[in-house]
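The letters A, B, C, D and E name the chains in turn, as written, and every chain counts its residues from 1.
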């Protein structure tokens, strides 16, 4: 058994779901859980130091391999995906979904593409999965999204074209690398000795793809609108997992292939990330739409993660990975909270909320915990990540953590402000039923994960550290 | 100046001037007639090359068939009166400029790219009698020859297709 | 065995928290309160056990629970260190904590969400214990942020009032500013020492420090001090504390007087081996600490002079007292600071609880202008309040006298300017405390008849903690008598002495004591003259003028901060949201729009005319040929 | 009989054909009557045919002349089809002015 | 050679069927017969034959491309049955013309002599003139036919001139001999002029800027099935023939020539894509898209010695996607006056399979994996980079981005707008053609080496 089993499961799930009519949701969830089970089984194999990677020839000319990574970093990201997928699917059970078979099939397919992206060890394969992930989310956002259809179209199409545009530059970079190396295996690509100029251009090519996907400012303009317009499940997929594709790719592809460029321009890219953090936090302050606010908070967080990734230190990278995972969980939880409110109030305007706490104490507590996790309260998972990232940044220049750390101040500011406006105050005249079991379970699972790894991140750290050291070894060879 | 050259010059003058007249004539019928003259002068060139067979075929095909078709169409459409509006002056001027440009550029190139000067090949072997042409055409060029029939078949089907009235059509 | 006890110590309040969160509502009317109190009391017992043990053996207990965060160069574990300092802190955290829990049962008797209240209180105690017992800075940071969180939750306990929520938010954010400093300090120390463990850092420092690093160590110390400023409400991060009085009064007593706000002092004392380093950079840092402390003490005291809200006065008094403690820290007298922390915990907790008792009786009224003459109805509250006021004013033999005197003495030996400032602050303290006392308990009642009708002494659950705390406020000073200090000996293993720890009882000392006492009495005297003799009542808000108004409005610091930071950031946010985002987005759309516009124009070229197409064709031919054979033509 | 080109020179033929070809191009651009445009195209083809024959003589090779046959066949086919199109346009529009054919644009 | 014979045989048989009054059988027969022909063609794979004095030369290049053309023709013929249902009397003519067109196409990739090439291209063109103008009562069809005819003949004249000059320089029409002669030192300049004129003629045929103006008008005006032929079959035929001409005659491509190709290629991509953005007619939009794809395919000429496989792949990917797209367009615009995009509204709901097919086709053209179009683009990019034309690749990348804009316009119409009319019954042939071609597209997308390695 190797990691391809997860891909097979998800793809099979897609097909089965597509033809399972009304029961689609449950079928999809079952497949999602199966994939999670498979990932966990693979984890045990991995922990027993067995090889779970996969290498097969796909085509001879051009030489392309069906190669999948079986290392800790990939596995961690796969676990993130396969554990969030069931949560996301389960979270939709509380609301009516039209045309459910297509909807859940698309979600599973999205999962398939994302898992593929995280696993691929062949650049070409990776690129295919990378692009493939765009299609389902495009349709999910387009067909199941909310708000004015015209506006939504505009936002979604912009998102698609924008991200696609970025990735084409990556494709060009890969094409160039291929002419140099003769194949796409990550090991061979990283082993190439490219000149400084070549590295610079390749780095930029990758950067175009990743900066838009992550997104880093000023390439983020698609983000808020799409998050707002997409259905919540789509937003969760986007923010919880898809953003991480970009960040993961920075670690997996960009840094090892163009280490010299990464080193030379490190400061610039760190500044990009940190600027995004501050900018995102500030913009989030005055958002009127709950989902948009969360979108900007995402922007702020990923900026910091990216900054950490570009430090080229073990701490920065490790922190980035930890932060990726924790952010994945917490942002899914937060978007779900927004959805819970939407189910009851049919609005996302913060100004129309307020005074919910009186009516829904359980929901309030859970929401509060998620808010706190998102502002990286120690003992939550997010703190572990943020601390490590900031520590990594501090080893480059002490001003980086000072500026990047502004996020813990501004983050607290906008999140608490949001919480205050949404939840607190005199009781809202509109009734608000406290959360159902289904909703409680969804949030409860996320919260449990956040606290468990917040106090005991060791399993993940142990899993990812060898991969990170491997990645950094390419940058040290210079 | 040899006789041949003189003949060449006269023929060329006729060719070019009739070609021009074809274009400048306001009446399509006149154009057609000038074009026939032009074709005849080209046939004269062929004869100058001693390519009698080709000259004859040329006259039969162009002057005989093609031009008849043209004339027939012109008459069918009753276009013998002067009813054509000229293109705008600018366009005509541009056309003139393009003409000059094209011919100048091409001429310039060909003047500059004269092949090696020297006596022309004269193998003395017969290469353009009907017999030789027939052999080349039906031996070496048998496949294109047959293929040309497909071309003509297509043209034939097409001409019918384009002009045949269907039963369902009202007019 | 230690592990089990320590887990009990830590987890008892946490268990209480969990119980109250999930079952508190079903646990009977006062069930939540008793369980919470019991939970904290259990911790107190464990603490007591270890306290007694360490007094006998002098052996610190250190336990590593599990590995937590891994940094490239070192691992941070979740470790617990029970030494003299942490146990001392635990004693009054859990001790006073238990009392205040007890008090709260009655105080929060009528609140529908009291189970939540106790849950939060338990959670607070849990985090406070974590903060104190952590064996490294990161564990302390958990507690550090955790108590901030609980403070946030409890300040905003009455969440229907958005002003309270604002106050809570403000507290959290200002704390976070300090927390960033704390984090930066940790990073710097991490790079310097490759550990954040106190013990390891201490060993490294005692082994001698690299001179090149001293600047960085000082920077780290400064960063940590910023953290302390946030938590302990020092200039410039003090404005949240007065606002934090929005929370229920027991919270003010526990968190915003006795325990949480002293974390900054705890942290610096904890790191005394670091802050006490003898080099130029560190001296500067210490001077900064001392000056900040002194100035805070004075500024807060001046504001406290004119406040009319009973809790606000106490809040500014707390800020002021904390300032004095920082002054002591800055001067290197760590045990003195600790001493004042303890005495302050006693009398200030007592004062807050007393004011709570008053507010309770007044049904939520906090404005002293509407009180007066309460001693008739509330004798126990009055007496305990009086004792505590005497203590804070530095009147012997109450505890405050001893601790404050030590601070002043230390200051006098180091820097007379600081001493003068501190003394002035002390005089003011005496004045406003007695102003408070007189306005509240003396003269005629100035409230409504309705309020008057309901006035009553508080029940035993409220008065019992008051009495206990009043006793402690009276005798607490004896733990560190000048010349014969039990406290100094007790803390000796954890505080590196540099020789000026104790002051000999020479003439100067006696003179200073006298000055302090006289100063205190002068303050009391002025208050007496003003409010008893002249029977003045502070004017209504609108009638205030000049300096009085400036003080009453706290020097407009809040407003200054508002317009310096909050408004610009919000304006920036609006600008980003409305302008920059649109512009950036427009830029991206712009590409689309431009291409579309080109497309629209381009369509006009394709006008359907064969002539034009042929022209283009021919021009293309000519162009290509000309380009390719240019050298031939020319 | 000797090579005619010895007396005329291949370049003269090339020039003639180039000019004739250009006249054809000119006609295509100049006129808007479809039939005349069409005739101009025939002029172009004839120019090339003439050049073929010239080259045939130049190389003393029959293939060039054979090619002219094909070219004629093509011309004939084109004329047949082209005139059919012209006729059907004339039937629909009553005009064969190519500048009136502007329904398809943009 | 056998292929050519078989194809003409089928064409003639079609005509005979008409006489025998077997109209209903024409389409099925043709499809089956073409499948047979495909088999015959493929049986020649791996061998090099030259027939009849080098008139026809079959090699892997010609076999592979012929096979592609036959496959495309099968699809196109299959769609004819429904398309010509109203003018059934003429169906034999239409089908046979398509078959002869295929014969011309095959001749254009397997010629060994320029005369075959010339006749091939004329058969192809004349067939198309006829097909374009074939709706004789439709003024738009007339106009399209006229435009195509006039410009096509003009281009034929230029091609002929080019061939003539090559002959003048070489004294032969045989590709093999020409290729040998190009090595000699005293190469008359005429040859290059000839090549350039030939190039221009071919650029016209593939509709590259600035010789592209006919394409949108003709595509729009022609009957939709004819448009399908032009945009899929003709385009790839012309491109393949162009490629074969240049390689076959061993034309030493100079730097300037490459510059011209580059400029034309970039211009085609850019103009095609930008102009497509604001089109409302689906056919017209695909015409412009075709122009941009021509630009892409021209990139193969920059690395001419080794890019035949890539060209075949790109051509297959593009043409198959085109067939799939046109199958859907044909269905949607069956009884419509025009092919405007609003006709596609709500197709995602009424006809999900067809909508999916069209979506997939457009995604393939846009170059999104797993569809073949993506791999084609990639192969093209890497090859061009290898040849050292980074600028080209960047231009191509930017163009790919623009192209997504208009492809998505159609997709959006299908999925986000509501249908205005009742769905009519879909003849199964549309499903069959659409799904099959898209499946082949995906299949070669997953196994590109299968196609790319056909020509090494």
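Methods note: contacts are C-beta pairs under 8 Å (C-beta built on N, C-alpha and C of every residue); 3 or more make two chains touch, one makes a residue touch a chain.
Everything numeric here is computed off the predicted structure, so don't read it as measured data.
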item	value
Neighbouring chains common to subunit C and subunit D, by label	B, E
Furthest chain, CA centroid comparison against subunit A	B
Chain pair with the greatest number of C-beta contact pairs	B-D
Chain whose Cα mean lies nearest the overall Cα mean	A
Reference subunit C; chain at largest CA-centroid distance	B
Chain centre separation in whole Å, for subunit E relative to subunit B (CA means)	31
Inter-chain centre distance, subunit A versus subunit D - centres from mean C-alpha coordinates, in Å	66
Geometric centre distance via CA averages, subunit B-subunit A, whole Å	71
Computed distance of Cα centres, subunit E from subunit C, in Å	77
Per-residue overlap in subunit E, given as positions that touch at least 2 other chains	115, 119, 122, 126, 129-130, 133, 136-137, 145-147, 150, 154, 189, 193, 216-217, 405
Subunit B: positions in contact with at least two other chains	87, 91, 94-95, 98, 102, 106, 109-110, 112-113, 115, 140-141, 144, 148, 151, 154-155, 158, 162-163
Multi-chain contact sites of subunit C, meaning residues that touch two or more partners	592, 603, 606, 608, 610-611, 614-615, 618-619, 621, 625, 629, 632
Complete list of chain pairs which touch one another	A-C, A-E, B-C, B-D, B-E, C-D, C-E, D-E
In the complex with subunit E, residue positions of subunit B that touch it	109-110, 112-113, 115-116, 139-144, 147-148, 150-151, 153-155, 157-158, 160-164, 166-169, 171
Complex interface listing, subunit A residues touching subunit E	59-62, 64, 124, 127-129, 131-132, 134-135, 139, 142-143, 149, 153, 157, 160-161, 164-165, 168-169, 171-172, 174-176, 178-179
Of all residues in subunit C, those that touch subunit B in their complex	611, 615, 618-619, 621-622, 625-626, 629, 632-633
Of subunit C, residues touching subunit E in the complex	592, 595-596, 598-600, 602-603, 606, 608, 610, 612-614, 616-617, 619-621, 624-625, 627-629, 632
Of all residues in subunit D, those that touch subunit C in their complex	25, 28-29, 32, 98-99, 101-106
